[in-house]
Amino acid sequence: MPEKPKVAFYWCASCGGCEESVVDLAEDILMVAEAVDIVFWPVAMDFKKSDVVAMPDRSIVATFINGAIRTSEQEEMARLIRKKSQFIIAYGSCAHMGGIPSLANQFSREQILNYVYHEAPTVQNSERTRPMLELGRNGTRVTLPEFRNTVRKLDQVIDVDYYLPGCAPTPKLLKEAVLALLSGNLPPIGTVLAPDVALCDECPRKETKPEDIAYTEFKRPHQVVTDESTCFLAQGMICMGPATRGGCEAVCTKGNMPCTGCFGPTSRCIDQGAKILSSICSAVSATNEIDMEKVLTTIPDPVGTFYRYGLAGSLLRKKIGSEK
Amino acid sequence: MKKYLYYPGCSLHSTGKAYEESMLSVFRYLNVEVEELKDWNCCGATSYASIDEVQAFSLAARNLVIAENQNGNGELPELLTPCNACYLVLTKTQKYMSTYPHVKEKVDQALSAASLHYEGKTKVRHPLDVIANDIGLKTVSDMVKKNLQGLRVACYYGCQIVRPFADFDDQHNPMTMDHLVSALGGEAVDWPLKTRCCSGSLTGTIPEAGLRLNRRLLVEAVKRKAEMIITCCPLCQFNLECFQDKINANYGENIHIPVMYFTQLMGVAFGLPEGDLGIQRLFVKPSWHLSSQKGGVKVHA
Amino acid sequence: MSDNKKETKNWEPTIVAFFCNWCTYTAADLAGVSRLRHAANVRIIRVMCSGRVDPQFILNAYAKGADGVLIGGCHFGDCHYMEGNYKTARRFHLLKRMLQDMGIEEERCRLEWISASEGERVRTVINDMVEKVKALGPLRLPERFNEWDKEMEFIGEHNIGEEVHIHA
Amino acid sequence: MISLFPLGFVENKSSPDPRDKMRKIKYESELDLKFGEQMAAKAYGQKLLSCIQCGTCSSTCPLSDYMDYTPRKIIAMTREGFRDEVLNSLTIWLCSSCYACTVKCPRQIHITDVMYTLKREAIARGVYPKRYPIPIFSREFFNIVRKQGRNSEAILLIKFYLKTNLFMMFKQAFMGLRLMRTGRFSFKRDKIERIDKLQRLLKAAESIEEVRT
Amino acid sequence: MPNHQNNGNMRIGYYVCHCGHNIANQVDVEALAAYISKLPGVAVSRSYKYMCSDPGQELIQQDIKDHGLNRIVVASCSPLLHEQTFRKAVEKGGLNPYFFQMVNIRENVSWVHEDRKEATQKAMDLSRAAVHRVFFHKELEKKYVKINPDALVVGGGIAGIHAALTLANSGKKVYLVEKEPTIGGHMAQFDKTFPTLDCAACILTPKMSAVKSHPNITLWTYSEVTNVSGYVGNYIVQVKRKPRYIDEKLCVGCLACIDECVYKEGKYADEFNMGLSKRKPIYMSFPQATPKVVVIDPETCIQFKSGKCKQTCIESCDRGAIDLSQKETNEEVNVGTIILSTGYRTFDAHRVPFYGYGKYPNVYTSLEVERLINASGPTGGELILRDGSHPKTVGIIHCVGSRDRNTNRWCSRTCCMYSLKLAHLLKEHSGAEVYNFYIDIRAAGKAYEEFYDKVLEENVHFIRGRVAEVIDWAANPAEEGKLIIRAEDTMIGTVRRIPVDMVVLAVGMEPREDAQAVRKMFNISCSTEGFFLERHPKLAPVDTFTDGVFIAGACQGPKDIPDSVAQAGAAAAQAMMLVDTGEVELEPNTAFITEEHCSGCKSCIPLCPFHAILFNDTSKKAYINEALCKGCGTCVAACPSGSIQQNMFDDAEILAEINGLLAIDNSEFYEKEAIHVG
């Protein structure tokens, strides 16, 4: 009996939702487990780093890494796994584009640590302690991974072969990816394993978008009672759908929430935020500077809105001046 | 060769004596017959026109009428007029009498009071014109005995010979005298001031202005390494030559440059005796010596 | 970056300009014909309309090393395509705010309406912008990216499982 | 610095620089509106009026540095009827009749003739600067020629200096002697034979009114 | 990232032009060519003295043959000047003409930068960008559209008349639209024309009647264009025809109705006579008006104002031509080309109050004086002033509303000449002493200087100095009762006060008040001062940036009659050239949507002002009607999923250009962009 292909899962800076999504395969997970040999999956099985180190190079066929790279440990592990794997699949928005964690690229490490350990209203830390990289006491030496200044998407650290987009990726896409791996029928390296058409294509609200839209004000979902079937943009809410890859089966818009862009841009765009900004602003109704200003101030946080899942992967990556 | 009538004008009988002497000698040498105009009178010069224009034109016209009458053989009289001022006044009178009928009418009226009748047939000629265009520079060149090779000459035409009525040379850059110098074997210096005013009678009346104008001409000629200046006008010759001491004294210059009539220089080249050319009348006397290398003459102030 | 640009002392900013074919590019031509000397820091890219300027182009210019981006279009009401410039202006409004949020000073991104006849204005705008960007100093994103990534160099594969370097 | 005005001639005592006298407003009623056309008529045609004030005359004139008004300005003022200023000016007397302006004028204005015309007009009206040497020189020349039919340079100069500046004559005496020594200067009066006839002619001419177009 | 085409066998030819010394003096062309030759993909890199010359073009063609080039980059002057030249050369060499990119290193580099090192560096950057860009150039097809041979001429002044007649005589059908009740424009108001002193009416009216009777000309007076749509060769124009309450076909211009109007005398300011006379509510502008049809002004007609008129005019017309029930009508015409000859307006002299216009009755504008001395004018040509007097002295003030940064900065070009003309005519009419106050005399036309010379010799006074003020307080008895003009006579160097009886203000020429509206309607540009902007000030003086729309006459800038007529002829010839070509080549820079990429989000649809983007209800995707697309690229920039692309200005092309500009280390660039060069 031929040896089953070895597969691994690894978790970097992420919420853990991606790990959950693997379980969302439901009974299909059995099929996967049947077909592959999971050799490394810290969230579900007990492995040590030394086990991985011991594996021969390229012995794993594919590793699915979710999460952005924030700490030295994540970086270290990513490199190690890269060495041991034939294919690396960036799994989910964080690995794909930096994800929500990369919104932290608007701040420096110092700003973040200062806030989290000292300034946050819920924190009581009179001794003003901070995590230390190393503590030596009684002959024991304890080390912690370093918290990097910059959050990175996976391919900014190691070479990535495929991307499975989404926050989290849908079980359907995961299944398709695994099947493709198993069949050996693989697309070109670098492919995002989702349809290359924007979300509107599959959005049930598509029909309700008028052709002559002109925005006079933008509203956030909590400010309005959203109509359950009308295009969000037509309701004056920012929906990233037109600039976001489809393939998610429009789960958000079906759930009465506008798309926030977790699948990232299509292959034809290099910066998702710039693209949606361009598209939405172009259709603002104002014809003079003052009115333009008035309409556009109703978008209070353009970076947070347009780069929610992809600041690390955007053209600018990180706020200038947040280096130190 | 035809006969030329000769109108000396007042200057050639006094300050410009050398001009007359040398011109007549040269014409004699060239076998050209010259006969003085009988009982000629002053042309009026520039001063007369400032007082009374009709009188000024009448004065000039009288000479033209006399010329017409003196030349009995029916040939058109050609009036040799060496003085630039006379030349200008006579040509101008002719020109205005033919151009403006009212001028002619009034001058005729004045002439008739002296029983004179103006026909307008007289041709006013400058000796420079005659030598260059009637005799020809080729002939002149052939008759040179002492080649002036190497002699740097600044040709000074003055203002009134080519401006505004003469037609034998360019108004702005006359060349006749320069070509003549070449024909004599000398070298004409490129000198942009050749028609710039020498200040005329201002040297006498307002020397402060006159001498300055004069000085500019001399300084520039010296600067361009001219060994002598030749002129074709008695007043120009007088101005350029006789005030050199004064200019040197007033402006701290050191100018000693011979200023000769072009006819004097021709005479020298033709080998005529200096006495016949009025060389002895010059204030700044050129001294000549043969230059063996060049076979020509050298001049020293 | 060429060598002289690396030293801040002799640093000259690089500004990428997008000029619309009908107004500002023509005005730049006019500035040329009129021999209006100006700073040599601006590199002009011709587009048919300022409306063609995709915000991606602007971000990409910064990401590839531009210190500033200048967009030139027709005055309101003068657009050869009737209203392309309005779209440019609207995008520009929000983009500029977003750039500030990302730490890019507003002087580094400039939108100017310059009609075909305003050759002189091309010169003034370019000289003014160069001066302002010079005052800000280099943006040099590609170098910053490299600098940011230097923190990763401290981890090499050799020290996996060994010890962690401590930095101050 | 030697004064340009050797006889201490100052045209307007109240204002040392004659150029300054133009620095005031001019009322049309102070002007002679016919003056321009009259002078144009005497100076050979309407060309004087066609002056475009290009200034070629002024820049080509070798004496314009010594003039109170440049030739261009003289023409402008003549056109516009600034009669008194023009006739009192030194400019017209400083013109040495070199004709440089006349041949260069793009409108072919006979500027030298304009200057003659203005000189005569000034003499006729008796407004010329009376102690300025040049009109005196002209007058003496005129007298000698009327008397003799020819000019005697030596006599002219003596008479001129006697009337203007005796001191100058002494200063020039050395040159006079040199000229005499070289036979270029003589006090012999050169006179024509038929002086009677000439004088009749001049008398007739004198009675004839000035030429006009 | 953009996909790359033909990367495997890219063979680029690069040519840098010396342009004589124009480029070579500032840019080290040899170093430039050497630098570019080292870039990946570059097979040939040369410099040449004049690339646009025949040998220059042949050089490219020869290299295409010899070196198998498949992309061409030329660094020379502005693409606006020679892009077409080189495209044609490339095409002649056997390549698709769009496999070409031009680099502007003259207007953008050598002419504007002094430092040779900087200029050379910039030229290198721009050239490198172009080399990067051509990698992504695609083979494109030329686009053609058919040209409708009919033409529209807007404005019936001398320029419009001449353009219309020129086109009509060449067999083209012309619609001539004029706002006023008659054609003729300003020229019809003039008395005589400089420098020949021809009577304006004598030379103009035959042309006006030729327009009226020409079988190829449809003349619509009292009409205005209200809307223009379409594009070169195929314009659709809406024309509003105002009611003149007269049936044009029936009226024979006998004027009996005017005689019979209930008003026995004229009561309202006569527009044609600049208000110097009065007209009735029913009137004809001037005897030779074309069409020779009267018009009723509803603003002043009693019947329209109160409905209580005896309507004697209607009774007087035996042809029943008067029809007070006439309504505004609209016409729609299809034309291929349009000539705008909408003319100018004169400067409003009230704007310079210190010249006393409107305050002192004897201060006139030049246009008023034209009517005043015209034999058919309000005084029959006699020079009688508003106060009934005859002037003995007249002052003409030049440059009123011209050459003045407080009003209009430009020179109006015609005022010097018409002031000379008026000086001559006024002197001739009245024997008055005439003073011209001028800054410079600009008499640069044929026989203009001679005219100036002539007027000078007529003893017209010319005082070089701009007038400070026209006042009526006398400083001495001679000035009593006169208008005093105060100016410096800069030639003499004194300030002068000149008392006159009449002042003529030589008012300048300005854009018409509706110039902005007109230019927007026809989608053309204006220069800063507001005159219509020509495509090129020297080489395309009658073309505009909108193909098929031409300009002629003073709407483009101040102009006299000969220049207007010449320009009108030129505009007509340009229009004819287009028509006779039959079709016009369009830039193939249209946008297009790849259907399988489009999500049907409709973001692009409202952005297109030309309504070129449509939604396919079956496929639920958007598509672009190529015929309507003008190629601005706004939708391309706004497509949120990058599914719209544009020929010649593709994302890939522009991004490559940006990257090329900024890529200093090329090897790194090529590696990053994954371009592999064979």
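A, B, C, D and E are the chain letters, set down in written order, and residue numbers restart from 1 in every chain.
FYI, contacts are C-beta pairs under 8 Å (C-beta built on N, C-alpha and C of every residue); 3 or more make two chains touch, one makes a residue touch a chain.
Treat the numbers as computed from the prediction; the structure is a model and nothing was measured.
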| item | value |
| --- | --- |
| Pair with more cross-chain C-beta pairs in contact, given B-D and D-E | B-D |
| Chain closest to the middle [Cα centroid of all protein chains] | E |
| Per Cα centroids, the chain farthest from subunit B | A |
| Distance from the mean Cα position of subunit E to that of subunit D, given in whole angstrom | 58 |
| Whole-Å separation of chain centres (CA-atom averages), subunit B against subunit E | 65 |
| Chain centre separation (subunit A, subunit B; CA means) in Å | 107 |
| Length of the line joining the C-alpha centres of subunit A and subunit D, rounded to whole Å | 103 |
| Shared interface positions of subunit A, touching two or more other chains | 269-270, 275, 278, 282 |
| Multi-partner residues of subunit C (each touching 2 or more other chains) | 51, 54-56, 60, 87, 91 |
| Touch relationships between chains, expressed as pairs | A-C, A-E, B-D, C-E, D-E |
| Subunit D - residues contacting subunit B, complex | 2-4, 6, 44, 62-63, 66, 94, 96-100, 102-103, 116-117, 119-120, 123, 133-135, 137-139, 141-142, 145, 149-154, 157, 160, 168, 172, 175, 178-179, 182-186, 190, 192-194, 197-198, 200-206, 208-213 |
| Contact footprint of subunit E on subunit A as seen in their complex | 196-201, 206-207, 209-214, 241-243, 246, 265-270, 275-276, 278-280, 282-283 |
| Residue ranges of subunit C in contact with subunit A within the complex | 51, 54-56, 58-60, 62-63, 76, 86-87, 89-91, 93-95, 97-98, 101-104, 139, 141, 144-145, 147-149, 151-152, 154-155, 157, 160-161, 163-167 |
| In the complex with subunit A, residue positions of subunit E that touch it | 1-2, 596-603, 605-607, 615, 620, 634, 637-643, 651, 655 |
| Subunit E partner contacts - residues on subunit D that touch it in the complex | 22-29, 33, 36-37, 40, 46-47, 49-53, 72-73, 76-77, 79-80, 82, 107 |
